[in-house]
Amino acid sequence: MSILGGGIFKGMAVTLRNFVGSYFYKERLITNDYDWRPEDKLPQSIGEYPKEEGEQLRDTTTVNHYSRNFPMLLHDGGEPMDTVRCVACQICERECPPQCIYIEKSEDKTERSDNKAQFYPAKFDIDVSVCMSCQICVEVCPFDAIVMNSQFELSTPDRFGGLLVRRDDLLKSNDYYHKIHPQEAATRDQKMVADKAAKEAKKKAAAEKAKAAAEVKAKAAAEAKAKEEGE
Amino acid sequence: MSELSHESLLKEFPEAQWDEAAGAVILPATNARTIAEWLLASGWDYCSNVTGVDYLEREVKEKITNDAGETETVTRTEPGRIDVVYHLYSIANKTGPLVIKQRTGREGATAESLTPVWRSCDLQEREVYDLFGVNFKGHPDQRRILMWDEFEGHPMRRDYTEPFDYEWEPTPHAEILEKHQRGKVII
Amino acid sequence: MSTTAAPNYELLQQEGLETSLLEISMGPHHPSTHGVFRMDVKLDGETVVELKPVFGYLHRNHEKLAENMSYLSSMPFTDRLDYFNSMTNNWAYALAAEQLVEVEVPERAEYLRVIMAELTRLVNHVTLVGFFVNDLGALGTPLMYAFREREKILDLFEQASGARMMCNYFRFGGLRNDVPEGWLDRTRELVDRFPAFLDEYEQLLSENEIILSRTQGVGNLSRELAINAGITGPMLRASGVNYDLRKVDAYGIYDRFKFRVPYTDGDTGDCYDRFMIRMLEMRESVAILKQALADIPEGDIIGKVSKVFKPKPGETYGRIEGPKGELGFYLIADGTPKPYRYRVRPPSLINLTVLREMCLGGKIADAVVILGSIDIVLGEVDR
Amino acid sequence: MSFQLIIDILIATVPLLVIFPSLFAFTTWMERKALARIQNRIGPNKIGVPCTRVSLFGLGQPAADGIKMIFKEDIVPRGADKLFHLLAPILALIPAMLILCFLPLEFPWGKFMSGKVQAFMLDSAVIFFFAITGLNTLAIFMAGWASRNKYSLLGGMRAVAQMVSYEIPLVLSAVIVVMMVGSLNAKEIADAQSGFNWFVFSPWGLAAFIVFFIAALAETNRSPFDLPEAESEIIAGYFTEYSGFKFALFFLGEYIAMFAISGLAVTLFLGAGDGPFVDAAPWMPAMWFIAKIFGLIAVMIWLRGTLPRLRVDQLMAFAWKFLLPLSIFNILLAGLSYFALDARVANTTDDVIHYVNSGNPFAGVPELGTNEALMGAMIYRGMAGEQNPMAAKKWFLKAALKGHPASRTLVAWWLGIWVLSLVALYVMAKGLNNLSRSTTKPREYLYAE
């Protein structure tokens, strides 16, 4: 037989415990104070949020390797359009689920500083108001040219111009990428290097094979000639 | 109680057909309700999923062997149809699924409502009616469910075209959408 | 069995006094219809004599969208079905698609899938109970405790997948990326602390006299009707049916874990049962999580799937035990990179089939409570 | 009416009009902050002193809210009865403010009369209090009706049913105090409790206090009885269609009513301005009074943060099937045991007087504690100035502690009656609970491996 109102008193004990506990235990009061005053400098990305010494902040405020908010185009440093990785193959445009990417391929190839002639995106717009940060474009890109930025303060007073991010605003250097997603960027770079090496190895092997084949062919031809001559 | 498999169903009702490719039993149009009641009585107590599938009229190229023993390619027109698919399970015996289909033409599509047999078909058949335009005979409350009552057309049909977007307003996205529509981006 | 007829209600007609029923359109903007759901209610005083659910305010034809894009591109859209449980939605879709191409999922990915799904179940049940008590009229205190715990789990999701709610984490044949370093330890810590929270939560709620008298005997659902109406998930088990797809289908690697399925004897099947079944299920989820976190191996995270997902023609129906019930995906492939037919079996919608029967004869406050105990998310109901 | 009286009334009324609305602002802050902490949130914490970065724990929030409320657009639904829509919030505020005048709250700055002023001295204050509280119902129903909104109407109907029902246990539990004191005058009730003779310290007083507090929660529409404004069911009940300053007036009226009814609870059961160090300064009684009011309001907030809401039928059943029989039983019990105890005290007094008369208490070996017992007897008989049974009992208790046999018997009786009353009340409450509430209890569940 329970006492009259026992359940209510139990509940009140719990709320009292939480009332007192919220002043003493960080795990009870997990709210982070977001200082909204405009004069305060906003963190550019979650990854850059300063973590003070010994401060028990929640884990979101530490570096988050997989945080994704809005895509950016990568270039390898220097003049952005000179080293941009994107070749305007338009795969991301087709695969984008909410269809927020708009690409126009260049009509001509450019001579780039690395002596490669390459198509480039003449136009590359992404609509912030439509993008749903799903990262599908990053996954389908065969050139590792588009990756996710973690910047989240994207609001703008200009509804038409401001929400459509143009190519030049999307371009970010690989160094910046290393800064916001160090782990991911490192693996991606490793993969690229490995791919490149594999490609070169393949090329080399193919060349060697071709060379060998040519040699064999030449040998055979010579033999045939010799045979012919012998006959 | 008979064994819970499609064979026993086909044995009991020879007019039902077995579709090997889809792994489904196609019920005859005449006595779908009777078969469903038999199925419920024989242990398929839970109808999980009800949906429609719309097939447009299309031309199929088939290789057939003619009388002379030669193979030749024949083009045949397959009429459009709508399948209403039911996935049945047995909670008591923990087996399943048994897929049954009702097949109907695209024009004036009608099917037997199985809601009196399995209540779970209630909202889902309404949805099929709403989105595919299949009339369910014997459904207790057949109304549109997801679209509003004044809506015209059945949006899940494959030949459905969107009406003019009267809520359109200029956005920076319009250009992008237009390109996608113009190109009908091919994957 | 057909829809039961509306009770024969005769208006009280007296000389010089005419009364009529009060018709209220509860929703689509009502604080406790859990989104843009609407109930057309007729009231006799406070008693509900007729109730008609109205759907479709959030309809966006998810299925048509998916039929016009590649298989992979629909994955982020499945997050938006039941936006509380994006991980399990992903899993159901991935499961159905994997049945089309028969791909092997690596061991580590299977374990991570189970971990994510059970964490999702914790998130869903804990917030559901909070919302449910909120519908009972508490000032959001249990809900805030639930959100507090959910926040910790969402942090884990963010670290693993990059997003808190729209995780988009599963891929055909595995997962998108491996979890970061130290993630498993943090999860272990959370899982170890969770039972203490559950104890506190139960102390706050499950013996409270007001909650008992508000929920017991309210919204009874018989076992027969529950099965026939296709009710699934905790609601079905609260009506006394022992049916859990994790046991029945043993999809993924659920057959490796030792856990129990709570259910009732089926005498009542009321709101209190639905509430308590969820409380008990959370403890079982914690048990699964502990085993999975102890056994998880190292290894690959995604199986061998071609970059362009192009299954052979065929059809399949994949279903999992989502936190809200049986979440199924029915896919028909026709050999192109787009699904020919893509159908979601939404547990929230189908569980609403019996809403009217459960509410009739109760008070208007009961209708709100019953709706809360069904556990719907409008993203999934209207799709 | 003399000029001085008018001045005195003004001096006593103006503080009420200033203090309580500002306390209202503080209480909204306190409630938000406490609820936030109960729910593990931070609560208002940004707005403090304007134009500076001093936030003062968000104490500026009520002021900011008030400014916002004043400048908000006043929306009146098209079909609404505009006059009554306007009148309702005013009518909700006025009775609440009026009630405050009857509280025995003495301010030390009166000049012309006695040095202390009270707004209104009325011999039938308690009756008047309940009469004016009833007016609140009218305002709420007016709001519900005039809004022309179905939710408002439902809320108004609920409010009327609830307030009328809960007024009965409220009054019946106050009757006990009136019975004991023999007066309806708030000041006399307060005086009767001075020196820690609070009525809450007796079994029937405690039960009456609990019943009174529960009924007061219902009267002021506080959780768990906030059905007229049940958010999850009928949006905001009778003030669904109110916005801007009218809404603020309703809000103010509700909080003032909370103050008033807590003030009455303090007057009736918690010793009014009585407390430790009450004589240390002239403003101490008023401080104690307000502190006690805040104590009660804190409990209300705590309950609001914990409990879900009752259903309409359960609410009615609780009033009519539980609180009403319990308070009637309590009145009977209080009467019986009070008079039994009183008879016993009279008996003991007779014994003591007889003993004193028969022998010489101051010669030979006096019985232990005779002096105290004699003192008690004299006070009881009214031989030492004012006649005060409570004070007499205190002296008998002292005598009993020193070992006076007759007083010991008395105290044993006393304790016995108290314990018996407590047990009887608990058994009654439990029985009523079992009768009125269908058997709801935690259940056992099955597990499948």
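Chains here go by letter, A, B, C and D, matching the order in which they are written, and residues are numbered from 1 within each.
The rule is short, and it goes like this: a contact is a pair of C-beta atoms (placed from the backbone, for glycine too) under 8 Å apart; a residue touches a chain by one contact, two chains touch by 3 or more.
Just so you know, these numbers come straight off a predicted model, no measurement behind them.
The chains in contact with chain A as well as with chain B are C.
A count of contacting C-beta pairs for C-D and for B-C identifies C-D as the more extensively joined pair.
Compared with chain D, the chain whose C-alpha mean position is the greatest distance off is B.
The mean-CA centres of chain C and chain D are about 46 angstrom from one another, to the nearest whole unit.
One simple way to say how far apart two chains are is to compare their mean CA positions; for chain B and chain C this gives 26 Å. The geometric centre of chain B is 68 Å away from that of chain D, both derived from CA atoms.
Distance from the chain A centre to the chain D centre is 64 Å, each centre being the mean of its Cα atoms. Looking at chain D, one finds that residues 38-41, 305-307, 441 touch two or more other chains. Shared interface positions of chain B, i.e. residues touching 2 or more other chains, are given as 187. Multi-chain contact residues, meaning those touching two or more other chains, occur in chain C at positions 69-70, 141, 145, 148, 204, 207-212.
Those residues of chain A that touch chain D in the complex are listed here as 2, 4, 8, 11-12, 14-16, 18-19, 21-23, 28-31, 33, 36-37. Residues of chain D that touch chain C in their complex: 35, 38-41, 150-151, 153-154, 158, 223-224, 226, 230-235, 304-314, 437-438, 440-443, 445-449.
Of all the residues in chain C, the ones that touch chain D in their complex are 22-24, 30-32, 43, 46, 133-141, 144-145, 148, 204, 206-214, 216-217, 242, 244, 247, 260-265, 272-273, 276-277, 280, 363-366, 368. Listed in rising order, the residues of chain B touching chain C in the complex are 21-24, 45-49, 51, 53, 85, 87, 91, 94, 97, 99, 115-116, 118-124, 131, 140-141, 144-148, 155-156, 187. Chain contact summary for the complex, chain C toward chain B: residues 1-3, 55-56, 59, 61, 63-64, 69-70, 225, 227-232, 241, 243, 248, 313-315, 317, 319, 326, 328, 330, 332, 337-338, 340-341, 343, 345, 349-350, 352-354, 382-383.
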